[in-house]
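Okay, so subunit A shows up in both of these, paired with subunit B first and subunit C after.
Take a look at the complex of A and B:
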């Protein structure tokens, strides 16, 4: 099937958007995996979600329908909920141990 | 757009329960004083907890009844609701009942546990109900927007529930680990959805699937992005059902969380996530461009999961951790039936059969651990189980039933489930996969039988503690129900087969 949108994405600059999305997504993922502070890791997750938002908004514009934009608004809401719970847990951990560095929390493995 | 609220009456009643639970606890004193057992009513924590437990328990039973009555009434046709967001009617009520059932069993397990561990009960049940609501809409969702929202509505309360247990240093760690990896997985899921959306311009699953079936087999950028999208969606969902190599959070979170929460996580969340995987991928294997790729992908990940889960479970000294690895392995068995799928309704039915049976088995195994937990002493390690058969023959007996079922021995429901999955593999000509999986389920028998050996044949090292048996009635309800479920449906599996077939029809 020849999809006109595919040609558009590959042909006229859409590929750059996808590249930026993937770059942001990878940066966020690396932050989650390699930073050793819980707050930074949480920010990494947010960065990944925002990368996805960018991608949804771009595709939404490409297809001239609003599904993608609605979904990206929903992602904002859900990300806020996730951060609320995450910050609560981090505050709890900080009160308990006095640090939010991941190294302290490697008690259980195996 | 006609909208008949009768199809969503179960969800509405669950929302009503959530509202009641919130309002009643917000009054900060026992409103339903009659339900408290003490003669003199004081607005103390304990009576509030007891009240919340009663409201949540009775409320959920009512919700289950509503689902049963209206689910039966609407089981004839299935309709799309809210602009193709949810599919209601038809056989989906079977899945909803199974998940609500898991919720009720969890509440029965929690009734005593929350009080003994001084967990704020109203918050606990509220979060549990939210998570249930998410799971219920998740299995009915047929729109990627709804899938994402329900998945998060199911997961976020669980992050909080894991962190709710007090007086334990590991709890916060497991909660934050679960939250971060959960966030990572939903980001992957969303990236996958965005690629699929970019290529098709729609978020409705069925429309996407029709699009996918038209993708040509020649390598093109469209096929590449679509395939990448599907793989990312698979990765996101594999996190939730903890397939290796996306399992890293499972042992720590299962061990750190309160035992009833662990049991809920391991059954309801897993079943709902599997329903979504089936919904998306059961159809996509029909599609010429992706069929061989995904067939192999599923077989590979499932085998890896079975091998890893079962081999690591052997060396565990902690029963909860052992059950966590066993739950990883069981996710592998369920994923195994995805390999020969090719739009095969029997394979879907086998997965759902196993998923529903797994609710009873795991509830039973964790229920025994809850039963043997008292005030400040958790029952978690093999040592805690040593020689309990003498003092608690009932608990030891039902634990043996659970172990038989998890190990896949007759006459338990786990045996029938495994037979069905292996039959599907053989029908699909996946002989090598079947042999390896069978071999490793033999290996798994070692650590399941070991629990039985430890309970019956060893002398307890320390004195086995006394348990207030009267307060354990709710736990016994869970244990009794699960045992009956496992044994009866293990011997006469045809009703469960029919139910799961009815549900499976909804996923096509």
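Take a look at the complex of A and C:
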């Protein structure tokens, strides 16, 4: 009631933040689904994780509770692991086939 | 309008613009720059939401370490340009508008529900949401105190995950070495 930014966060800022989160998540999902290079797909997953982090931190601010922030820190670690393993796999596949286009690997589906 | 509110909205738009660049860019290095824009804008939003520690970690870990790793490997792989001749899958022009329509419809419905239900977020106690000093919420001291007492198990468990990732990477690299020796 005293701080306009706090009023914004409780009021219309909530739907704005959720809209940003949903749009970022959808853009990341579109990158994973519709791009044909492995590096782009990896970056799309990163974008999706980032979008989820924003919603965690928004709700943690709303409830003045550290749980969401600590959960988003755990997501940082998971994302770092995922990038390390993902890039190792991409480099391995690139050395084997000489391309990172996903259509090269359609023969490997189960 | 308050300056903080304007900056919050501005950084939200910048982060979405970075995501659009990531989806649309032909070359991965442009997509990586778009992702970097998104991450820095999100760090600014975190700082405005009183998550100072997470904002710093976002800049150091994501924008620093992870993006440098990705950009370094884009440079190292030196991919031929015929991989980018057709960057989108054939479902893009059908699927992307469908997904975007679904999301905008969901946001519209959500805003309708929140408006008709008498401001869902306003039912929270305003004194609970009052602006706090970093010492009381989100600062490094109180954050690490919570992390190392209440969430000690999660903290240690996640370090196990890091260790497992190191083992996995070494296993994949060894696969490469063995493949070479067989040839």
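One rule holds in what follows: the second predicted complex is superposed on the first by the 96 of 110 C-alpha atoms of A that agree within 3 Å, B and C clash if a C-alpha of one lies under 4 Å from a C-alpha of the other, contacts with A are read in each partner's own complex, and residues count from 1 in each chain.
The criterion applied here is as follows: a residue touches a chain if its C-beta (ideal position, glycine included) is under 8 Å from a C-beta of that chain, and two chains touch if they have at least 3 such contacts.
For clarity, every value in this text was computed on a predicted model and none was experimentally measured.
Aligning the two structures on subunit A places subunit B and subunit C side by side, free of any clash. Once the two complexes are overlaid on the shared chain, A:66 sits against subunit C while remaining clear of subunit B.
Number of subunit A residues touched is higher for C, counting subunit B against subunit C.
Contact with subunit C, but none with subunit B, is seen for A:31 once the two complexes are overlaid on the shared chain.
Touch criterion met: A:55 reaches subunit B, while subunit C stays clear of it. By the touch criterion stated above, A:16 is placed in contact with subunit C alone, subunit B being left untouched.
After overlaying the two complexes on the shared chain, residue contacts for A:74 are found with subunit B and with subunit C alike. Contact with subunit B, but none with subunit C, is seen for A:45 once the two complexes are overlaid on the shared chain.
After overlaying the two complexes on the shared chain, residue contacts for A:85 are found with subunit B and with subunit C alike. In the overlay built on the shared chain, the residue A:96 is in contact with subunit B and with subunit C. Superposition on chain A leaves subunit B and subunit C with their closest Cα atoms 5 Å from each other. Taken together, the two complexes place residues 1, 3, 5-6, 9-10, 28-29, 42, 58, 62-63, 70, 74, 78, 81, 85, 88-90, 92, 96 of subunit A in contact with subunit B and also with subunit C.
By the touch rule above, subunit B contacts subunit A in their complex via residues 144-145, 148-149, 152, 156, 159-160, 163, 169-170, 172-173, 175-177, 179-180, 182-184, 186-187, 190-191, 193-195, 197-199, 201-203, 214-216, 220-222, 225, 251-252, 255-256. Interface residues of subunit A facing subunit C in the complex, by the touch rule stated above, are 1-6, 8-11, 13-20, 22-24, 26-31, 33-37, 39-40, 42-44, 46-47, 50, 53-54, 57-58, 60-64, 66, 69-70, 72-74, 76-81, 83-85, 87-92, 94-96, 98-101. Here subunit C touches subunit A in the complex through residues 1-2, 4-5, 8-9, 12, 15-16, 19-20, 22-23, 28, 31-32, 35, 38-39, 42, 45-46, 48-51, 53-54, 57-58, 61-62, 65-66, 69-70, 73-74, 76-77, 79-80, 83-84, 86-89, 91-92, 95-96, 99-100, 103, 106-107, 110-111, 114, 119-122, 124, 126, 128-132, 137-138, 142-143, 146-147, 151, 154, 158, 161-162, 164-166, 168-169, 172-173, 175-176, 179, going by the rule given at the top.
Interface residues of subunit A, counted against subunit B in their complex, comprise 1, 3, 5-6, 9-10, 21, 25, 28-29, 32, 38, 41-42, 45, 48-49, 51-52, 55-56, 58-59, 62-63, 65, 67-68, 70-71, 74-75, 78, 81-82, 85-86, 88-90, 92-93, 96-97, 105, 107-108, 110.
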